[in-house]
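The two complexes that follow have chain A in common; it is paired with chain B in the first and with chain C in the second.
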Partner chain A sequence: MLGYTARRLLLMVPTLLLITVVVFAVVKLAPGNPFSVLQVPGEGPSRQMNPEDYQAMLHRYGLDRPWPVQYWRWLRTLASGSLGESFSQRRPVSDVLFGGAERAFSAGLPPAAAASSFLRRLAESPFGATVQLNLLALLLMVAVAFPVGLRAAVRRGSAFDRISSVLLYGLYSLPNFWVAVLLIVLVGVHWRLLPFIGMHSDGSGAMGPLAQAWDFLRHAALPALCLAYGGLAFVARFTRGTILETLNQDYVRTARAKGLTERAVLRRHAIRNALIPLLTLAGLLLPSLVSGSVIIEEIFAWPGLGRLFVQAIYARDYPVILAESVLGAVAVLLSTLAADLACAAADPRVRLT
Partner chain B sequence: MSGREEGAVKIGAEAGTGAPPGLGGDAAGTLWALFRRSKGAMAGLGFVGFLLAAAYFAPLIANNEPLIIRYEGRWSFPAFRELPPLNHLLPKDAVDLRLAADPDWLLDLPAKPDPRVGFFLLPPVPYSPYQTRLRDVNLGPSLSRRHPFGCDDGGRDVCARMLYGARVSLLVGFLAVGVALVIGVAVGALGGYAGGWVDTVVVSRLIEVMMCFPTFFLLLAVVAVMDPRYLNAWTVMLVIGLTSWPGLARYTRAEFLRLKDSDMAASALAAGAGPVRVAFRHLLPNALTPLLVNATFAIAGSILLESAVSFLGVGVQPPEPSWGNILSLVTRYWSAWWLGLFPGAAIFLSVLSYNLVGEGLREALDPHSAG
Partner chain C sequence: MGARWWRGLAWGAVLLLAGSLCGCSGGQPKPAAPAAPVSVSPLDRTVAFLPRYEHEPPENGGTFTMALPVDPVTLNPILASDRVSYMAYKWIFDPLIDMDADMKPVGVLAQSWENSPDDRTTTFHLRKGVLWQDGKPFTADDVLFSYHAAMDPAVDAVQLRPAFDQVAKVEKVDDYTVRVTWKEPYAPGLSAWVFYIIPEHVYGYAKGRGASFNQSPANQAPVGTGPFRLEEWKRGDRLVLTANDQYWRGRPHLDRLILKVIPKGQTQLAAYETGQLDMAGLSAEQWDQLRTDPAFAAGASIFEYYARQFFYLGWNMDGSNPFFADRRVRQAMTYALNRQGVVESILGGHGAVATGPFYPMSWSSDPRVKPYPYDPAKAAALLDEAGWKLPPGKTIREKNGKAFSFECLVPAEVDMFSRWLEVFQQDLKRVGVDMRIRKIEWSAFLDRTQRHQFQAYLSGWGLGDDPDPYPLLDSAQAKLLPSGMAGGQNDCSYANPEVDRLIGEEERTFDLKARQPLFWQIQRLVAEDQPMTFLFWPTQMVAVKNRFQDVRVSRAGYGMFTWYPSLLDWWVPKEIQKP
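Now for the complex of A and B:
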C-alpha cells in the first residue's frame, strides 16, 4: 500500500507541472492582456491609457518579457509557496483566498488558541465559504439520492424505479442558474420566505450561536439546493448500480440461503459493501461542484472562491485567475487520487496496475 | 515507408465514396428503427427540429418589417430580405423596399392611415431583436401588445431575441462539438493507436491533465483574458470547442485501444494497409457510432456552457442576443420574472432534448444496456 501511494504521488509531479503549463498557455494564448482593455482605439482620451503608462505597467508586472521568462518566474513564485500578489486588492493572493489564516500560528498564541483562530479565519475566508456551501450541498445530495437509489435497486423495474429515474434525469438537464433565478423570483422576492444575498444577515455577529447557525442555514438553503439537485441523478444511479451489483454477489445469496430476512441482508451485507465504491463519488463529483459553485455563488452573492473568480475575471486580476485555476485542477487531481487510494485500500488487486 | 504514404494519400481520395463500414445503409436503418422506439428520444429530436426551423425562419416570425405589403401599388416582401436563399431567388426590388419612416407605424394602423399602403401582413411578432422602444421598457408579457414573452430593459421584444438566440445556441452546439470532435479524435486516435511512449508520456498525460480542469473553469479563464471586443457567438463557440475535447479524446483513445488488436485491424494490416489507413479507414468508422452518443451529450454540455458564460456577462455580448445574456437581465430586475422564465425554459428544453436524443442513441446502439 505504501509503495502504491508513493508511486501515485511521484506520478503526480509531472501532472502538476503540466497543469501549470496548461493554465499558463491558456492565459497567454488568449488575445489581450490585463491592460489592453484600457487601450480601446475608438474611445475618448479619458478612457485611454497613455502608451508610456501602458508600457510601464507591462514592465511593472513583467508582462513585457518573453513568455518562457514569464512562465519561469511564475513557476518560481509557485515553487516558493506563494501564489503571487492580487492586482486589484494589492495583497498576496493566498491572503485573498484563505484570509491569511496561516498567520494565526505565527502570532505567538498558545497552540489551542492559534488553532481556533486559524479555523475561524479560514471559515470566514472565501475558501471556507465555498467549503461550507459545498459540504452542505453534498450532504443534501447524499441524503436524498442514497435512499432513492437504494429503493430503486431493491424494487428494480417497479414504477418507483422508472419514475424516479425519469424525474432525476429531468432535474439533471435543468440548468442550475435558471433554477437559482426562479427560486429567487419565487421564494425570495415573491413569497419573501428566504434571504438570497450573501452568507449572513447584517449584524449577525451580535446574535447567539444558535441564531447565527439558523441565520447561516437560511442563507445557505437556496444556493445549496441549486448545487445539490443536479448531482441527484448521478448519485442515485450510482447507488442503484452498486447495490444491484452487490445483490448479485455470492455472499448475498449465502446470506439469504442461511435464512436472513431481506432487511438484514440489505443492511448487513449489501449496503456495507456498496459503501466502498460510494466513497469514490466525492472525487467524481468535485469538478461539477467546483463549476457549479462559480455561477451559483455569483448569483447568490455568496462570498466564496467562485464569486471571487468571477470578480477576478471582471477586474482582469490575472494572479487570482491563475491561482484559482491551478488550485481547482490540483483539488480535482487530489480528490481523484484520494478516491483511487480508497479503492486500493479496499481492493488489493487495484494496487498492481 | 512508401506503403504508408500511399495509404495516407488514398484516404483523401476515397473519403467521399461509399458508406464507411460501421454506418452502412443497413446499419443506419436498423439504428433508426431502434431509435424510433424511444418516445423521449423522438420528442427530443422533434424539439431539435423545431429549434432548427425557428432559428432559420426567425426573420419571418419576428421582424419589424411586413411579410407582404402593397406599397404605392407594388407588392413587396421585405421580411424575406434576411432569409437566404429566398432573398436571392425573389426579384431584388421585391425584397428591397425600405420604408422611410419607423416601421412601428404599421402597428398603429389604422390610427395613422397612410394612403400609399394597401394590403399588408405583419409577422406574428412584429419586432426585430435589436429594435429598442422606450414605451415597452420592462413590459410584461402582453398578447395585445404582441409581446408574448414580454420586453427587456431596452424595450426589445424577448420572443424576437430568443428566436435569434436559438441561432447562437445551435451554432455553439453543433460547431463547438465539431471542433472538439476533430481535436478529440485526432488526439485520442494518436494515443490509442500509436501506443508506447507517445501514449503514456504525451497523450495520456495530456488528457489526464485536461480532465483535471472543470471545462467551465478553463472556459472562464480563457474568456477572462480575452478582449471583450472579440467576444461574440463565433469566438465563444471556438473557445468551447477548444476547451471541451478531453472527454471525447479519452473515449476515442479507449475505443482505439480496444479495436487495435481486433482481427479486423490485423487483417487490414495483413492486406497491406498502412497504419494511418487502418486507423482512419477501419478503426475510426467502428468507433464512430458510439462516439456519436458522446458527441450528442457534448452538444447539450456546450449549450449549457455558452448560456452560463453569457449569463455571467463574459460570453456573447449584448446587443447580440443569446439565451444566457437575456436570462442574466433578470438578476438586475428581479420582479421581471418573464426575463427569467422564458429564456431559461429554452435552455432547459434544448439541453433536455439533446440529452434524450443521446440516451436514445445509446439504447439503440446497445439495447442490452437499457434499464
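Now for the complex of A and C:
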C-alpha cells in the first residue's frame, strides 16, 4: 500500500509538468503580455508608452524571451520553492493566493499563536475564501442529496421518487447566475433576510468568535446555495442508482431472507456496500473545493480564487494563472489518489499493487 | 395574483434549503414618502430629491461607502496605471496641481506657478507647512524624488514617462520652489504635473535600485499628504480610509471613506438599495426604471454628466484595404450611420452625437461644427462618386471587381459595442456595404490595432487633462516601428499636413484666446476628412444617497471625483450621520 502510494505520488510529477506546459503554452499563445494591458477596454489609450522604454521593461522581466525559456525559468523558480512574483500586484504569488499565511511561522511567535495566525491569514486569503465557501456548498449538497437519493432508492417508483427527481432536475436546469441574481433581489434586497456581499459585515472584526462565525455563515448562505443546488440532482441520482444496485445483490436478499429488518438490511449491508462508488464520487467532487466559481464569486463579491483567476487572465498575470492551475491540478490528482486509497480501505477485495 | 404565486414559489425554494440561517435580522420596512423629482436640467441633469439641509458651516462626521469593481493593484501612484488604483490612492496622496470643476488647472501641493517670459521654464511655488501623514514636512525634495523615481528606467512607470517627454530638467531652487525647464515651449506640458507626489523619506532608494522601489512595502502601506489616510486594506474586500486631521486644507468633512470591492452591475445596485453603498452607477435601463420609483427616489440624488470619453469607428487608411483611403468613402460611412438613432434606442438618450475629438462642453470644441446628418442617399451618392457602384442584381457595391465587404474589430468585453455595431451593420447594408463584425478579446484587439492590422474597429478614446489631439491625429503618430508595433496612437494612419501644422502651433501657444481658434480649425478639417466616424459622447448616471450635502459633478466632464476638491466638500448633517 505504501509502495503503491509512493508510486502514484511519483507519477503525479510528469502529469503535473505536462499540465503546466499546456497551460503555459496556451497562456503565452494569447496575445498581449502583463504590460500591454495597461489600458481599459473601451476607454482607449489615454496615455501612451515609449516603445523602447516598454521593450526595456519586457526585457527586465524576461518577457521578451521565447516561451520555452520563460517556462524553464518559471520551473526553476518553482523548484526553489517559490511560486514567483505576481506581475500586477508586485508581491509574491503565495501572498496573493494564501495571504502570506506561511510567514506566520517565521515571525517568531509561540507555536500556538503562530498556528492561529496562520489559520486566520489563510481563512482570509482567496484560497481560504474559496475553500470555505465550497466546503459549505459541498456539505449542503451532500446533506440534502444523500438522504433524498437514499429514500428514492428504497421507495423506488413511489411518488417521492418521481417528484424529487423532477424537482432536482428542475433545479439542475436553472442557470446559477440567474438564480443568484434572483436570490439577491428577493432575499437580499426585497426581504432583507441575508447579506449578499463579501464574507463579513462591516465591523465584524470587533465581534466575538461565535458571532463572527454566524456572520460568516449568513454571508456564505446565498452563494453556497447557488453553488450547491445544481449538483443536487447529480448526487441524489448517483446515490439512488448505487443503492438500488446493492439492493438487488444476492447478499441483500440473503440478509432479508434471514429475517433482518429492512432498516438493518439497509444500514449494515446496502449502504456500506454502496460506499465504494460514493467515495469515488467524493474524489470527483473534492477538487471543486479549490476551483473557485467565477460567476458566483463575481456576483456575490466573494474574494476567492475564481475572481482572482479571471482578473489574472485579463491582466496576463502569468505567475498567478500558473499557480492556480497547478493548485487545481494537484487537487484533482490528490483527491483521485485519496479516493482510490479510501476504496482500498473500505473494500478488502481491492488490492493495490 | 401572478406576483403572489411567484413569491410563494421563491419562498418555498429558499425555505427548503436555507431556512435555518435566515432567522435573526428581520426585514426592515422600506422608507415610504414618495418624493417627486425637483428639477432636471438638460446638461447637468441633476435630479435632486429634497430635503436639503441648509447648515452653515458644514458639519464633520459620517462615512461614505463606494464600490470599486476590482481590488486596486497598488497604492503607489508612480507605479499604478489603472483607474481603480487611482480611485484609491488619489485620496491618500496629493498632486502638484489638479484640474478644477471647470477644467482649469488649480494648485494643490503647488500654491502657485508661473512661466518665464519665453515659456521655457515653469516655476512652482510649493505650499509651506504641509505634513506627510507620518509627521515629516513636505518639501521640494519630495517633488524631485517623485519625478526622478518616475523617470528612472528601472522603475515600472512606463505609462507615466511620455507625459514628461518635453521636460529637459527639474531643479530645486529652494526648499519650497521647484523650477521645470522645457525642451521647447510646450503648452500641454503643464497637465503632466497633475502628478502625485510621494515622500522621499519613505520610498528613498539608492540610485539604480529601481527594482526595490517596484516592490516597496510602502506600495501597500502608503504615507501621503492627502485628505485621507489608509486605515485598513483587506485585499479583495475593502479599503478603509480615515480623515487626515493634519490636512493642509483643513480635514475633509467626512470621517471615513470605505471602498468596497464589488463587481459592477446588479450586485452594486442591490448593495446601494440595501444601504451598503452610498453611491451606485446606473445603466440607462436602471435609470428609467428607478427615477420613477418613489422608494428609490426618496433617498437619492441622481446625477447625469458627460463621461470624458468618446467612441469612434476607426477607418484604416494606410492603403492596406481598397476602401478607406478615399475621403469620400469615409464621409459616406458617417452619412450612412444612424448615430442619433443609436443614441435614442440603445443609449436611451443618454449621450450626444460627436462631431470631433474635443469635449463638447469645453473651450476646445467649436460649436459651429455640426454632426453629419443621417443621410443614406448622400452616402450612396458619395460611394457612387468614389467608384463603388452597385452592380445590377446585386446588393453589395463593387469596384474593379472587388466587393465592398470589410471586417470591423470590436473588443468582446464591452457588450454595448456589439449592440451598436449590429445596428450599424444594418445601416450599411442599406447603402450596399457589407460589414462583418469580429469580436475579439481586449488584448488581442490592442495587438491587432497597434500593428495596424485591421480594416475598421470600434473603440473609445479618453481625453487627457489637456485637449491636445497630437497622439490621435498627428501623422508622426502613425509610423510603425521596425518591430511592427505602432510608435504612436494614430492607428488609422491619418495624415493631413495642415492638421500637423496646426497641432504644432497649438502646442506652442499658451494664451487660451490664441489657442482656441487653432483647435477650432483642427476640428473643422477633421470633420471634413473623417479619419474616423466620431460616434457619441455618452453620459454617466450616478445615484448618491441624499444625506450627503454639497455633492457636485463637474460640468467639464470630470464626473464625480476626477477633479479637485470634489469629495472633500461633501458633508452630512449630524442628525442623519451614520457611524
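Definition applied: the second predicted complex is superposed on the first by the 324 of 353 C-alpha atoms of A that agree within 3 Å, B and C clash if a C-alpha of one lies under 4 Å from a C-alpha of the other, contacts with A are read in each partner's own complex, and residues count from 1 in each chain.
Basically, a contact is a pair of C-beta atoms (placed from the backbone, for glycine too) under 8 Å apart; a residue touches a chain by one contact, two chains touch by 3 or more.
In this text, all values refer to a predicted model and were calculated from it rather than measured experimentally.
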Superposed partners chain B and chain C on chain A - clash or fit: clash
Which superposed partner A:Ser173 touches (first chain B, second chain C, both, neither): first
Which of chain B and chain C A:Gly62 touches, first, second, both or neither: neither
Which of chain B and chain C A:Ile299 touches, first, second, both or neither: both
Which of chain B and chain C A:Met199 touches, first, second, both or neither: second
Which superposed partner A:Pro348 touches (first chain B, second chain C, both, neither): neither
First, second, both or neither for A:Pro147, with chain B first and chain C second: neither
Chain touching more of chain A, residue-wise (chain B, chain C): C
Partner chain(s) touched by A:Arg316 [first = chain B, second = chain C, both, neither]: both
Footprint overlap on chain A, comparing chain B with chain C: 30-32, 36-37, 40, 181-182, 184-185, 188-189, 298-299, 314, 316
Contact set on chain B toward chain A in their complex: 205-206, 208-218, 220-230, 300, 304, 307-308, 311-314, 327, 330-331, 334-335, 337, 340-341, 344-345, 347-348, 351-352, 355, 359, 371
Chain A residues touching chain C - in the complex, by the definition given at the top: 30-32, 35-51, 53-57, 60, 85, 88-91, 99, 124, 126, 129, 140, 144, 181-200, 202, 214, 217-218, 221-222, 225, 228-229, 298-301, 303, 307-308, 311, 314, 316
Contacting residues of chain A [partner chain B, same complex]: 14-15, 18-19, 22-23, 26-27, 30-34, 36-37, 40, 157, 169-170, 172-175, 177-178, 181-182, 184-185, 188-189, 287-288, 290-291, 294-295, 298-299, 309-310, 312-314, 316, 318, 321, 324-325, 328-330, 332-333, 336
Residue numbers on chain C that touch chain A, as the complex places them: 7, 10, 14, 17-18, 21-22, 24-28, 70-71, 73-74, 79, 81-83, 153-154, 156, 158-163, 165, 211, 214-215, 219-220, 234-238, 258, 260-263, 266-267, 270-271, 273-274, 276, 309, 311, 411, 413-414, 417, 441-448, 459-464, 471, 481, 483, 485, 487-489
